[in-house]
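This is the structure, below, for whatever I ask next.
So that you can tell them apart, the chains are marked A, B, C and D in the order they are listed, and the count of residues begins at 1 in each.
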Amino acid sequence: MSIVAYIAVVGPGETAARDAIGDATEIGTLIARRGWITLTGGRRAGVMAAAAAGARAAGGLAIGLLPGNDRSDASPDLSAALSTGLGEARNAVLVTAADAVVACGINPGTVSEISLAVRANKPTVLVKPSPSAAEFLASIADGAPFQVVDTPAEALDWLVARMIAAHH
Amino acid sequence: MSIVAYIAVVGPGETAARDAIGDATEIGTLIARRGWITLTGGRRAGVMAAAAAGARAAGGLAIGLLPGNDRSDASPDLSAALSTGLGEARNAVLVTAADAVVACGINPGTVSEISLAVRANKPTVLVKPSPSAAEFLASIADGAPFQVVDTPAEALDWLVARMIAAHH
Amino acid sequence: MSIVAYIAVVGPGETAARDAIGDATEIGTLIARRGWITLTGGRRAGVMAAAAAGARAAGGLAIGLLPGNDRSDASPDLSAALSTGLGEARNAVLVTAADAVVACGINPGTVSEISLAVRANKPTVLVKPSPSAAEFLASIADGAPFQVVDTPAEALDWLVARMIAAHH
Amino acid sequence: MSIVAYIAVVGPGETAARDAIGDATEIGTLIARRGWITLTGGRRAGVMAAAAAGARAAGGLAIGLLPGNDRSDASPDLSAALSTGLGEARNAVLVTAADAVVACGINPGTVSEISLAVRANKPTVLVKPSPSAAEFLASIADGAPFQVVDTPAEALDWLVARMIAAHH
């Protein structure tokens, strides 16, 4: 039996580090190869754009949830870009729509998504966070499934195990 | 040049009339044949489910925006089902994400979507509405592009003309 | 025992008719005199502004839910103006926060609020609607408590009876 | 000239520490004494309930934004309790409605509010955070006005200076 999971790939936009962009691209590809769906914040920048590009390159579905009222700043690699008109409340919708969250890099928007994910008890994995981010976010995760990894492949392996566990 | 348009197909769920379900199925198919994206309220019922099934039958993309926090009541024919957790506020998101709205049948939720669509000046087409619905909703449409039609094919023809006009 | 009810007073903004503005002012006053709370769409225009002014004149609480991100266009008579940043999705929040809805005049935004209210089975009263609005909106109200009245006093009498009924 | 500011007081609910509850009560009182408005997450628990009680004790206005569809779990000390029906997206609305945010204690929901506040460049003050919370959240605040304090009085002094600065 195959399980379709929806994975939100979150991280900085314009200020994303090169490393985070490379990781997000690879994660989008790995999600797509499993037949899973990539969700992003939709914009044509940084981690959001990279995850969509990675998913597309592997023939997968990538759906973006934009904060604004139109698609003018949507990533061109999305299968579908949905303008929510909700502003920053779209972060909560992105997390609600996802079964799990992967973060590549950190900024305030990313932290809001990670914290809402652990609050909702959704598996949350951080790729190469700083020591202080890893320590603090682990401390608030409490009982939620939470992991820090060094590579996209480890992130996916961990998520696959969580998704399988959730269906048993 | 091809334009990708996002069309929300709205209408009753469990209480949808057989006619509305047939029309929604055909509209989903026609949207898909143009390479456009079908948006629905996501649930496995009535017009929402029919539009997704029609789109899928023609190999198109159908995306549903669910009011709740999980996908338990999602239509099985959706390409992606997004739980928004927003309750009825998801109707506003559905309209914001859409370039145009087609209504097959009427209930209070549908009326909220039609009214938000005309408020946002988005092309809105009603398939076989009752005379009182047609008269009243036309009266509030004011300057917004608004049309009443008898068949799915007419709905699509009208939408195609509107979408082309919007890009010139 | 006293019951505090939250009543949303909805209607057009800049395009409100003089009659609707007068009715909304009186309704705000009548809500305040009962010790109830007036909710509005928050803007400094039309029915929203009038209901807040009426509530304030009688020493009542009036709270506005604005669509935007700041209070620059808030009615000055509100006890509190809350920027939601949700755009038109704030209409759904306004209805969810209310126990009942009174409409003075009609435009698309108002119709979205009336339809969401009857969908949520909340008492909904229209003051002096046009015959076509009254007929159509009554037709979608289905089993929801729905009334058409000629005066603000009748609107309040009907709401008081509904609120008392709801607490027995 | 007097400036009315809206201050969101955020922190844990059922799991709030005694200290955080005491601080939130005092902060609600200090906000009220300035004639400002206290905003909370609305529930009858922890920091939310304490801030409302403190504001009420000083005759101030306290408004709660609840995640659910009714007021059954609202704090009894609120001037008004607004059911948003938005689930966790109400955190974003709470921050948008506020001019500044004070956090007493930390949990995932609180972190989502702090991070959205610094993202929106709103003054954000943490009362007695743990060293790791203080360090990490300061690191994401970037250019946003951000402060760590030991007492409610210091929190208010800092906020007053920020609000005055914002109006000059």
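We adopt the following convention: a residue touches a chain if its C-beta (ideal position, glycine included) is under 8 Å from a C-beta of that chain, and two chains touch if they have at least 3 such contacts.
Computed from a predicted structure; not experimentally measured.
Interface residue usage between subunit A and subunit D, two copies of one sequence, is largely shared: over half of the residue numbers at the contact are used by both copies. Using mean Cα coordinates as chain centres, the one most removed from subunit D is B. The interface holding more C-beta pairs in contact, when B-D is weighed against C-D, is C-D. Relative orientation of subunit B and subunit C, expressed as the C-alpha superposition rotation angle, is 180° to the nearest 5. Note: centroid distance subunit C to subunit D, computed from Cα atoms, is 29 Å.
Inter-chain centre distance (subunit B to subunit D, centres taken as mean C-alpha positions): 40 Å.
Of all residues in subunit A, those touching 2 or more other chains are 69, 85-89, 92-93, 96, listed in ascending order. Residues of subunit B touching subunit A in their complex: 6, 37, 39, 61, 63, 65, 69, 79-80, 82-86, 92-93, 96-97.
Looking at the complex, you find that subunit C touches subunit A at residues 69, 85-89. In the complex of the two chains, the subunit C residues touching subunit B come out as 86-89, 91-93, 95-96, 106-109, 111-112, 115-116, 118-120, 130, 132-133, 135-137, 139-142, 144.
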